[in-house]
Structures are given as structure tokens and as C-alpha cells.
Amino acid sequence: MIDKTVASVADAVADTEDGATVAVAGFGAAGSPVELLHALIDQGAKKLTIINNNAGNGKIGLASLIDSGRVAKMICSFPRSTGSVVFPDLYRAGKIDLEVVPQGTLAERLRAAGAGIPAFYTPTSVGTPLADGKETRDFDGKAYVMETWLHADIALIKADVADTHGNLIYNMTARNFAPIMCMAATTTIVQAREIVDPGSINPEIVVTPGIFVDRVIHVPNPEHEDDLLRAERSYP
Amino acid sequence: MSWTPDEMAARAALDIPNGAYVNLGIGMPERVANFVPEGRTFIYHSENGLLGMGPEPVETERDPDLINAGKKPVSLNPGASFFHHADSFAMIRGGHIDYCVLGAMQVAKNGDLANWSTGAKDAIPAVGGAMDLVAGAKTIYVITRHTTKDGTPKLVDTCTYPLTGLGVVKRIYTDLAVVAVSEFGFKLVETAPGIGADEVQTKTAAPLT
Amino acid sequence: MIDKTVASVADAVADTEDGATVAVAGFGAAGSPVELLHALIDQGAKKLTIINNNAGNGKIGLASLIDSGRVAKMICSFPRSTGSVVFPDLYRAGKIDLEVVPQGTLAERLRAAGAGIPAFYTPTSVGTPLADGKETRDFDGKAYVMETWLHADIALIKADVADTHGNLIYNMTARNFAPIMCMAATTTIVQAREIVDPGSINPEIVVTPGIFVDRVIHVPNPEHEDDLLRAERSYP
Amino acid sequence: MSWTPDEMAARAALDIPNGAYVNLGIGMPERVANFVPEGRTFIYHSENGLLGMGPEPVETERDPDLINAGKKPVSLNPGASFFHHADSFAMIRGGHIDYCVLGAMQVAKNGDLANWSTGAKDAIPAVGGAMDLVAGAKTIYVITRHTTKDGTPKLVDTCTYPLTGLGVVKRIYTDLAVVAVSEFGFKLVETAPGIGADEVQTKTAAPLT
């Protein structure tokens, strides 16, 4: 008998340690695990490193976690966005570190961590400031930059449907970074709108196999970051 | 009379063949989708994990989980598919995207592109997928006004802003002209109606042949 | 209007050139594109390099292509198998080259080619004869071998359902190498049991997006290599 | 009385916890699946692209497209999933497989494993996924007879056959004993009923502590 379900989002993130590296799924508002992020705010871990494509919007979810002063460093591709005020203010005040990574390199570094590949070469960023200090090398007469894997201690994931073994499917473009973050994290924590028995998801359509998932929490009516932003909500 | 942004987009669309897999940058490049020539179909890639992207839907049919790389609501065309970010950028980096149309701050005569940062000290660096797209897509087109608002040329000898990619741009569609990047530098392909080659050269900071 | 369908398997492989590198999908009999392989035998291209996990079974499909003397080199992980006689005989006679690659490295090299990654590091084969002559390098105190991408000119693929844009789904473990071979090849040729209109396959369950596929041929009742072997059939 | 292959497999299964993701090599290791201890569930990975593999089905329910890494027909357990080869070996190389049980030609006292080639000149080299599995799975167990048919020890000081991996084996389950690999070499954990430590040492080509 295998059952990865956990009773609550609070239980799911309870053991998050100070200094942890947390991969947060989502691209903008789509796929953002709002309830898990709010549980992490309540939980209180400090000095976190956050991996996310962006740096949060408004004053909810990831932006609210950043606003609470608990994030020491952001690793992302695009920390600017129209509704993003929290991160820019802290960054300009020198209160948060930033590692900007090209979006595809960010994705590939996560996938490499999940796949046991410590380093790889990519043409992306060759000759640009983002390649400064990185090793470059020619293959077939063309220059490439070496990039290394990017592991996370924890991944916070929003799925549409999960089974109790942790097999996942997602909703449309809310999939984005979730499958590779599930692979890259030591402990993958998933909030799912629906939880079903093993065997209920067709094996052909599983997107994230359960082997990449550690904890599953039922969040039947997840808040969508997009709705919260429109309503100008904040947390806590 | 210079071209409008719609006319620039329509002109770029003319140079994309039927069946092409196309990635359109945020802003002016997105207009290309409104001017697909008769008899052609383009398949749009959005780097957040969608192929077969359709136009912005009416308000009532929007789903916040169906967005494009600009985080705007989109729809699905028949034959669409979803995939994760590593697969999406495998499409880009692996040379499977036929055409990518992007905006630009500066394009140099050797095809170098700067479109992600002015290098200003207080700017928050933010690159997104721009560097992956220019390094990976088979053909890079740029749509941009020929000069900045204060008249400074955007087609230059050497980029002064931080680069996005080296020698990547093939063609530039501006309000004044279509300019190709060749091994000998900028080449004037076509001018907007009533715009002379002299005027284009005056507003370009590198020789046009 | 986009329509990647081709009238016949003969048309689909007609432009195969001598010396081409051909990735052939399948793991053992599952996923082996028998009709495309037989069309390639009929087509006549010589001095081929074949990428496949194995080296064919019996005297049909890939084994028959090898038997016809048209394969100069095999790149595979496991050229031995119970029903495999053709390859071992030619190999011992020095009439065919062999590059043995660990199975996971073979898969990753194909995926790297499809993803624009010219080289990567893997722990697989460190300290073994298969790492001889390869660059090794330490990351975090552990040794890894550098491996390079593996492109194909052509991929021959068996799918279960395709749409006319080339979106594919597979049948169970017949999926195996197909999706990554579709990515790694310049020209990907697919035989599909069923061809449907675009929009007929749910976008959430597409396994290989059409961007990786060039030609689709309808083979409504594909021969299964397993059945042909049991019946001791041969080709031509 | 030495252990039978079934007893060896059952003994190995005892050392695998509930919920483990397990990859079983072809041959004797496959028997482990028949001896899962009461109250435990293992999830089986097959490197050709299947998680949640079930037992061999009856003849009438076999499908030639549903096979394992040994190319034998299998079934699906609830919660199964299919994926392609690169994803399958990402699971292996990335350290997501908890236990891998393999056969062996030789195991050295430092955990080196040789199980893919005798190095004979006329042999066709064939490695399959063995090198990936030993490099990637979290814990490697070996099931093997203690000696070859002619009595030559398989637990040795240094492997003479070409290696599959360096320092990878944690435990060896033989017909005579359970032997752990520690930083000090082989450690005798348990012997089969009626088998003395002396006999095991005699048949082992390196010191047992």
C-alpha cells in the first residue's frame, strides 16, 4: 500500500528548513501553487533561495513570500513584470540577491538535475553578459557555454489531477515548469485539485510519473493567482 | 509614407512560407499573426509550453491557465499540443522553430542583436527566453521602428547595449524599409512607399548596400 | 493548410541517400516500423549507419536490412539477442562496424541532438572500457564522462495515431525511443495505424508534437515484428 | 543447505522497504517480485519506458507492445505510466530508482561490478542499460551464485572482467550467504542454514569480516 497524500498544505511544508532552495512552479499566474506558497509563508522558514521563472506578482503567493523578507535569493529568467513591485524594491535596496538565467537554460538546468547530468553545453547566451565567467567551448566550429545542473531541496507544484502514487496531469499551460521541477527536487510537494485512486489515470497520459513526487495534498478549489491579482488581494 | 506597425507586420509575414513553425515575440511581432498571407498556415509556438496557439479569445472564453509567453490569454488551433518547459526550449534550441520574429533595441550590421537590457545601472536584469530564441530558431527576423523616438538609429555599426546574441538577425522590418543582414553588412531590400534610399541611409548608423 | 501525409511507405523513403544515418525506433519488436524498414530495403540506399537499441531479430525488418549488406555501421546498446543471427555473423566477419553505447547514454545523446545540446556529462561508464578515449571530468568530487549529441538524417517511426500535422501518440511500451528519435532526425518519417484530422487528439495527451515530424504514412494494419518472428517469416 | 534461487530472491526482497521504486535485472533478479514481504508494495521500473510493471500475464492477455526490458510480456499495476527512453534513463541516472537488483559475473571487495562482458575476443559487446543502472540507482544489490559452475569465486579482490561500474554494489545475495560491501571490504551478514562462515570464506577470493 502506497499513499503519498498528506492531510494539509501546512503539514506538507512543515519541515522546510531555513536556507532551503525551493523550486516554485508556475509561469506568471498559470500553475502557481498559491495555497502551498501561503502555507510556506505561515510556516516561517527564512533565508530561502527561490527558483521560479518570474519573481511574483502583486502581493500574494510568491510575491508575498518575498515581501515577508524570507527570500535571500531569486533564481529566475524574468523578474520584471507589470504587477511586480515587491521584488524590484527589495532588489534596488540590496536586500535580495538575483541570479538571472535565460529561460531555456533555467529549464534545462532543472531537467539536468533531475536526469543526473551535472553539466551541459548550450549556444544560449554565448557572447552576452550572461556568459561572463562561464566556460565556453567549441563543438563543430561553433561556440557553446557550459551550464551546470540546478537542484532544489523542495518543489512546490500545482497539478490538476493526482493519484495517491503521485502520478500527475496538469491543466493546459499551467504545466510549464512543473514536470522538470518535480524531477529536480529532493522533496516534491504537490497540491492537486482532484486526487484519484491509482489506476484512474490512463498510463499513456500521465505527464509526471509518481516516482518524481513525494507528497500530494488535496486542494479542491485552488485560488488562481490571476483572480487574486484582479481582486487586488494580499496575503496574509 | 512610412509603414504602420500593422504594415510592418504584414510585410514580415510575406517572407514566411506555408507550414512554418513560428515564434512571435511580445509586442509588435505579435501582429504578424493578423496578416498571414492567403493560402498559408503558420503554426505558432509559445515558449511557455504550447504549439498551435490561436488568437486571443473573447472575454467569456478566456482561461487563466491558457496563456502565451506574454502572459496574455490565448486560444488553441486544431492540432495544438502542450508540453513542459524543457521540451519547449528543446524545440527552440534544437533548431525546430523555423522563424522567430522579435523586437529590438539595436541590430548591428553583422546581425548582432540587443533587445533585453539597456545596461542601465538601476535596471532589473530580465532576459526571459530571448537569448534561447536567437541562439536556436532557424531564422530570426526583427520588427522595429527604424529609430528611437528621439531619432537615434537602431540599425548600427556595433551594438552598444548588452547583446542578446551574436550574428543572429537575418532581416529587419522597420517603418521605413526592409533591410537584410548579409556577410557584407546591411542590404536594403525594399523601402516604404515614398521613402527614398537616401532617407533610410541617413537614419541608419552603418552603410546600406 | 498543412498536410504531412505521404501516399506510401515507398514514397516516404524514396529520397534516402547512400551513407545516410537512419534512426530506427523500437525496442526489440515493440515499436519496430516494419513496413518502413521493408520499404527502405526495397529503396536500395547503401552504406547506411543505423541507430537502434538492438541489431534486429530473425530475418525481417532491421535484421533483413542488415542481412542485405546495406548497413555499414550499427550504433546500439545491445546487439545480441536470442533471435539475432544476422548481425553477429557479419560482425565476426568484419563486414559491419559497431559502436556500443550504454542504453541511457544512447537515449540522452539522441535527446541532446534534438534539444541543441552538443555535449553533456554522465556518470554512466566511468571507469569502464566504454569510457576509453573519452574526456572525463569531476563535478562536486565525482567523475563523469563527456558524451556528444547523436543526430540522424532520417528517423523511421511507428506510431499508433497521428494527425495530419504530425502530432503522435504511441501504444504502451512501443513508445520507447520514438519520441527522442523524432527530435534527433532532420527528416522524421512516421507510419501510423490511424491518421486523424488536427484537433482530434487532445492537446494534453500528444506525446510527440508535430514540429518533430515531417512525413506521415497510413499503415492501417501494421505487421508486428513479434508475429513475423513467431511465424519465422523473412523479407524480401 | 545452500539457498535456492527463490530463497536468494526472497532474502533480497526482505531488505527492500515498502514503497520503493525497484528495477530488477533480467534473470534471477526478476524472482524478487515473487517474494515481496507481507504489507509491502514495490513499484517496478522497466528501463524501456514503464513504471508500475506487473507480472507476466496469461497467454491470452499478452500484448507484444507491452514488454519489459528483457523483452518479455508483462502487465500493468494500478498507477502505471509510460514514458520515452530519455525520461526512463533520467529516472535511473537522476537517482530516482531506490533499488536495483542485478546479476553479476564478478563483484570486487570495493564494490566494483563486472556483469556485462567476459572480455573474450570473439564476444559481441552488448551492455544495454547495466552501466546506467549501476551509476544511477540509489542502492545496488546483486543476486548471484557464490561461485561459477566450476567453483571459481565470483566475489573477488579485484575484478578481472571488464567493469560495469566502480564501487557501486552494496550487498550480494548468494546461494551461501548475504555479504555486504563496506569501506573495509566484504562483510558477512548472514549464512544459509547449515553453511559455516569458513565455507563461505573458502569460496570467496577476498577476506570476509
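Per-chain numbering from 1; labels A, B, C and D assigned in written order.
Here is the rule we go by: a residue touches a chain if its C-beta (ideal position, glycine included) is under 8 Å from a C-beta of that chain, and two chains touch if they have at least 3 such contacts.
Computed from a predicted structure; not experimentally measured.
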Chain pair with more C-beta contacts, C-D versus B-C: C-D
Distance from the mean Cα position of chain C to that of chain A, given in whole angstrom: 34
For chain A paired with chain B, centre-to-centre distance based on mean C-alpha positions, whole Å: 28
Chain A, residues touching no fewer than two other chains: 108, 111, 115-117, 122-123, 170, 172, 203-204, 207
Chain B: positions in contact with at least two other chains: 82-83, 86, 89, 92-93, 135-136
Contact graph of the chains (line, ring, star, complete, other): other
Touching pairs among all chains present in the structure: A-B, A-C, A-D, B-C, C-D
Residues of chain C touching chain A in the complex: 108, 112, 115-123, 137, 139-140, 142, 144, 148, 169-170, 172, 203-205, 207
Residues of chain D touching chain A in the complex: 18-19, 21, 39, 41, 43, 45, 51-52, 76-83, 86-87, 89-97, 135-136
In the complex with chain A, residue positions of chain B that touch it: 46-50, 63-68, 71, 82-86, 88-89, 92-93, 117, 122, 124-132, 135-136, 162-166
For the chain C and chain D complex, residues of the former touching the latter: 27-31, 53, 77-81, 87-88, 91-92, 98, 100, 102-108, 110-111, 122-130, 170-180, 207, 224-227
Partner chain D, residues of chain A touching it in the complex: 1-2, 111, 113-117, 163-165, 167, 183, 197-199, 201, 203-204, 206, 209-212
